[in-house]
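As written, the chain order gives the labels A, B and C, with residue 1 at the start of each chain.
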Amino acid sequence: MSAWRAGPGAWALRVFCGLAFLFLMAPILIIIPLSFNAEPYFTFTRGMLTLDPDAYSLRWYEQVLLGERWRSAALNTLIVGVSATLLATTLGTVAAMGLSSPAMPWRRTITALLISPMIVPIIIAAAGMFFFYSSLNLTQTYTGLILSHAALGAPFVVITVTAAMAGFNSELLLAAASLGAGPVRTFFKVQLPILSPGVISGALFAFAASLDEVVVVLFMAGLEQRTIPREMWAGIREEISPAILAAATFLILIAVLLLLALELLQRRSDSGRP
Amino acid sequence: MMGKSRTQALLLSLPLIAFIGITFVAPLGSMVLRSFYDPLVAEILPKTVAALGEWDGGALPPEGVYALLAEELRQARADRTIGRLATRLNRQTPGLRSVVSGTGRRLARQGQPPWAEALPRMNKAWGEPEVWHAIAQAGRRVTPTYYLNALDLRMDADSGVVQQPEAKRVYRALFVKTIGVALAITLLCLGIGYPLAWFIAHSPPRRGRLLLVLVLLPFWTSLLVRTTSWIVLLQQQGVLNNLLIWAGVVADDQRLTLMHNMIGTFVAMTHVLLPFMVLPLYSVMSGIPPVQMQAASSLGAKWPRAFRRVYLPQSMPGVGAGCLLVFILAMGYYITPALVGGQSGQLISNFIAYHMQTSLNWGLAAALGSILFVAVLLLFLLYDRVLGLDRMRLGS
Amino acid sequence: MNIQWRRFLRQVVRHLMRHSGFRPSTDGFCQACRPALRGRRMPFAAGAAIGASLRKDGAIHVIALSALIALASASAPAAGQGRSITVVSWGGSYARASVKAYHEAFVKETGIQINLDEFNGGLAQVRAQVETGNVTWDVVDLEGMDTLLGCDEGLLQEIDYADLAPAPDGTPAVEDYPDGVLDCGVALLDYATIYAYNENFFLGAKPTSMADFFDLEKFPGRRGMRRSPYSNLEFALVGDGVPAAQVYEVLSTPEGVERAFRKLDEIKSSVIWWETGAQAPQMLADGEVVMSTAYNGRIFSAQVLEKQPLTIVWDGQVQGWSYLNIVADAPNADLAKQFITFATSAESAARVASYISYGLVRRSAMALVGKHAEAGVEMRPHLPNAPQNMGNMVRENPEWWADNMDDMNERFAAWLLH
C-alpha cells in the first residue's frame, strides 16, 4: 500500500479525485451566492465579483418566504412528506422485523417485492399510478400523493431496518420473554430502542425520497398539491428567476441537516456497539 | 413452534405486502393491462363491432351494419363519447377523426334509411372498405396495436404485420439511443466513481468520513436543485462560459455551447448519478482489508497484477450494484436530461411522459412502459443470478 | 399558511365523507364546507400541537383530524361567502395581463375568488379530469384546435353567444363576432405565433422574411422553435415560398408535408426546441438563440416592459383565436359562466390589449383598444390584427390540425430523432 502511495500514480489519483470532488460540489456551492444576486440574472454580476454590497440582496428570499406560491408549496411538501414518511416507516419497520425472522418463508421473493418501488424506473411507476389512482378518483388529492410517496419510501425503511436487525441479538427477546414481558411490551421496551437508529435513518431516507420526487407529482398532483420540486420544475420552464435559487438554497440546507442527522445516528450506533 | 413463528413473521410483513400490492403493484398491473386491453370501441359500438365480426371483409358490409352504425353513432353523440371514439379510430387510420365526428354531427340533424346510401353521402369514406376494416380492428378488446406501434410496426387492412413507414419510425431507434446513453453514463460514472471510492475507502478513517460527506451531500440534495445548478453553470451567459472568458480561454463572441446538447446531458446526468455509483462501491471497498494488497505486493506481485487478481474480484459486488443502479436510474430519469440536454436528452421516458400527458395515447404509453419494465426486470434477474439481489445495500 | 391547511383539511374531509358514504349529494357537502374552512384561521399553536401529535401516533392522527373537522364545520359562517372558481391559463406575462385586465375586477365586483393555475395548452388534463370524474378546473384557456377537439369529445360545455353581454352600443354579442367562431367556448384573443430576433446579433443585415429564418448562410446562429409540428410546418412552407393563403392546401397533400419537413431539415441541427411560452423570450434575451418563434405577446412584453433588444418579424406568422372554455362537469359551472361573460365583455377584453399585445376577436372590443396601461405605448400597431402586420399572414386552420395532429406528431417525433 505504502509503495503506491508515494509514487506518481498516487499524485495522479489525488488530482483526479480532487477534480471529481470539485465536480460533485461546485454546482451545489455555486447556487448559494447566486441566490443573493440583486439582479434577475443567473450569473455573477460585476458588482458581485467586486463584493459591492449593493450587488447583493435578499429580494429572492423575500419572494420565496413571503410569496403565497412558495409557502403553499413548502407546506404541501411537508404534509405529503411527513405523512408518507410516517406511513412508510410504520409499515416498513414492522415488515423488516418479519423479514429478519429466520422463520420467514419465501424471503427472497417477498424482499424483492417490497423493495421493487425503489428499483422500477420512476416514469413507469408514475404512469401506472396515474392509471390506477385515477380509476379510484385519487389523482389530484393529497391521499393519492401520500400513498404513492409512501410506497416509494417504504423500501428504504425496509432496507435500513433489516440491516439494523442483522446486528440484533435475538437472545434479548428470549430474555425479555422469560422475564414475563409480552410481545408488544418487548417490542417497545427492547427491540425499538435498539433498532431506532435504523428506523430513523430509514425514515430520513423516505422523507428525502418524497422531498426529491417530482415525476409522480407531475402526473398526479393538482393545483392544490403542488410541492417545492414541482414549483421548481415550473420555475425552470416558465419564469426563470433567481427565486428558484433561493428555494434551492433552502433545499440544500435541508439536505445538510438530513445528512448531519444521519451522521449523528451512525456515530451513536457505532459507539453503542461492543 | 416452527409453523407459529413462520406465521408470525409472515403476519408482520403482511401489512406492507398488502400496501405495496395496492399502491404499487396494482398500478403496474393496470399499466400492463392498458397496453393490450382496450375496450373503448367495443363498448361504444357494441352492435356494429359484433355485426362486423360476421362480415367476410370483402367488398362493403351489408345494410344491416350501416344501420347499426348510424344508430350507435347517434347514441355516442348524445352520450358525448363520440370524441373518444373518433380519437381512437383516428389512431388506427389517420383522417378518421373528422369522418366520425362529422358524420355524428350530421346524424344528429338528418339521415334516414337506406343507410348504405345515406352514410356515404355524408362522408364518402363510408363507401370504402378501409374505414370498416379500421372499426373491426379497433373493435377487438385485446389488441396488439400498441405493442406493434411501440416497435414501429402496424397492422395493415388484412391484419398482417408490416413496418411503419420510414418517416414514422421512432421507438426502436429511441430504445437503442436510451440504452446507449444509459450505458455511456454508467461507464462514465464507473470511470470516475471507482478511483473516487477507492480513495475514500482507503483514506485514514477521519478524512475518509469527511470525503464521504462530499459525495453524500449531492446525493441528499434535491434533483431539481442540481438540475438548476447545471443550467446556471452551462448556459451561454452562464458561470462556466463567463469564467472561461475571464480566463481568456474563449472570446466573448465564441461562447461554448454546453447546454441543449449531448454535453449537457452527459455532464448533468453523470453528476446526478455519480453518488449512486460511489456509495455501493465504497461500502464494498471499505470492507476489503488493505493488508491483502500489501501481502500480494510483498509476495512480489506487481501492483497492476495484484490489483487485478486480488482487489478487483472482491470489489465486483460494488461494481455490479453501482452499475445496475446507475443504469436503471439513467433509463428512468427524464427531468434532468430534458431540461439540460434539450433535444439530445429526449429519451424513452420523455416519450412515455409525452404520451401520458400531451398526446394522451395512453395505450402506447403503457406499451412503451411495459417494454421498459420487462427490460429492467430482466436486468434484475441477471443481476440476481450473478451477484445476488439480497446483497444490495444503501451506501451509508 | 392558512390556505394550505384549509385545502388539506377540505380534502381530508372530502375523502372521509366520500369513503364513509357520508356525502349527502354531489355538491351539497362542499358548498357547505368550503366557506367554513375558508373563513377559519388556524392559530399557529394549534397547528403546531397537531403537528406534534401527528408524529406520535397514528390513532392520534385520526382523532386530531376529526377534532379539526368538527372545529371547522362547527363555526360555518352563512353560505354564499367565499365562492371560488379555478381558472387555468397560460403562465408568465400573459397570466399577469389577464389578472390585471379582468381577474381583479371580477373578484372585486362579484366577491368570487379565482384560483389561477397555469398549463401549456392541450386537452390532456381536461380529458383526464372528465374521464375520471374528478373535475377540478372550471375555466380553461385553449387554442382553437383544442377547443374544436374538446367540443367533439364532449369535454367542454357549449356556450350560447346569445347569453353574452351585448356590445357597448347595444349590438347583440352574436353579431359582434366574425364568422367561424366555435361555440364550445368564447373566442377571446387573436394571437400570432411569429418569429423574433435579438438585435445584438444582427448589427448589419436584419432578417425580414420567413425565408430568412430558414437561411443559415445569410443569418447564422441557433434558432428557437416550439417542440411541436403545429405552426412549424406552416412556417416551413412559407419559408419555402408557398403563398400564405395556400399553406393548408399544400399541407393536405403528402408531397406538401414532405416539402415542409425537408425545409425544416435545413435548420434542424441549429434548433433549440422550447415548450412553454416563456422560454422563447428568455432564450432570446439570454443569447441562447439568435432568433426564435414565439407568441407575439410574450415578445412584446420582453421588448416594452423588460427593455430587451428584440424585434418581431411580421411575415408568415400563424394567427389563431384562443378561447375561454368551461370544462364539462365543472364544479362551479354557473360561476364559470359568469366569469366568462365578464371576461369577454367589450370592456374587459379590450383591457387585455392594454397589458399585452394580443388582438381581440370581438369587434366592439377592438374598437376600445388604446395605450398600454403601464408603458403608455400605443397598442394597435403591436397587435397581430393590425393591418400593417397582416400582409403575409397564415390564418390557422383548426379543422386541419384536429384531423392531422396525431399523424403529424408521430412524423415530427420521428423526424426529430433521425
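Simple rule for what comes next: a residue touches a chain if its C-beta (ideal position, glycine included) is under 8 Å from a C-beta of that chain, and two chains touch if they have at least 3 such contacts.
Quantities reported herein were computed from a predicted structural model and do not represent experimental measurements.
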item	value
Greatest separation from subunit C - chain, by CA centre	A
Comparison of A-C and B-C (more C-beta pairs in contact)	B-C
Subunit A and subunit B, separation of their C-alpha mean positions in angstrom	23
Euclidean distance of C-alpha centroids - subunit B vs subunit C, Å	29
Between subunit A and subunit C, centroid-to-centroid distance (C-alpha), Å	35
Per-residue overlap in subunit A, given as positions that touch at least 2 other chains	130, 135, 237
Overlap residues in subunit C, where contacts from two or more other chains coincide	128, 131
Multi-chain contact residues (two or more partners), subunit B	235, 237, 356-357
Residue numbers on subunit B that touch subunit C, as the complex places them	79-84, 86-87, 90-91, 94-95, 97-98, 101, 104, 167-170, 173-174, 177, 235-237, 255, 257, 259-260, 342-343, 346, 351, 354, 356-361
Complex interface listing, subunit A residues touching subunit B	1-4, 9, 13-14, 16-17, 20-21, 23-28, 30-31, 34, 41-44, 87, 91-92, 94-95, 97-99, 101, 103-105, 107-108, 110-117, 119-125, 127-133, 135, 147-148, 150-151, 154, 156, 158-160, 163, 201, 205, 208, 211-212, 214-215, 218-219, 228-229, 232-233, 236-237, 244-245, 248, 251-252, 255-256, 258-259, 262-263, 266
List of subunit C residues in touch with subunit A within their complex	1, 3-5, 7-8, 11-12, 15, 18, 51, 54-55, 58, 61, 86, 88, 91-92, 115, 117-118, 128-129, 131-134, 136, 275-276, 278-279, 282
Subunit A to subunit C touching residues, read off their complex	68, 71-72, 75-76, 79, 82-83, 86, 90, 130, 134-135, 137, 139-143, 222-224, 234, 237-240
For the subunit C and subunit B complex, residues of the former touching the latter	122-125, 127-128, 131, 149-155, 222, 261, 271-273, 286-288, 328, 399, 402-404, 406-407, 409-411, 413-418
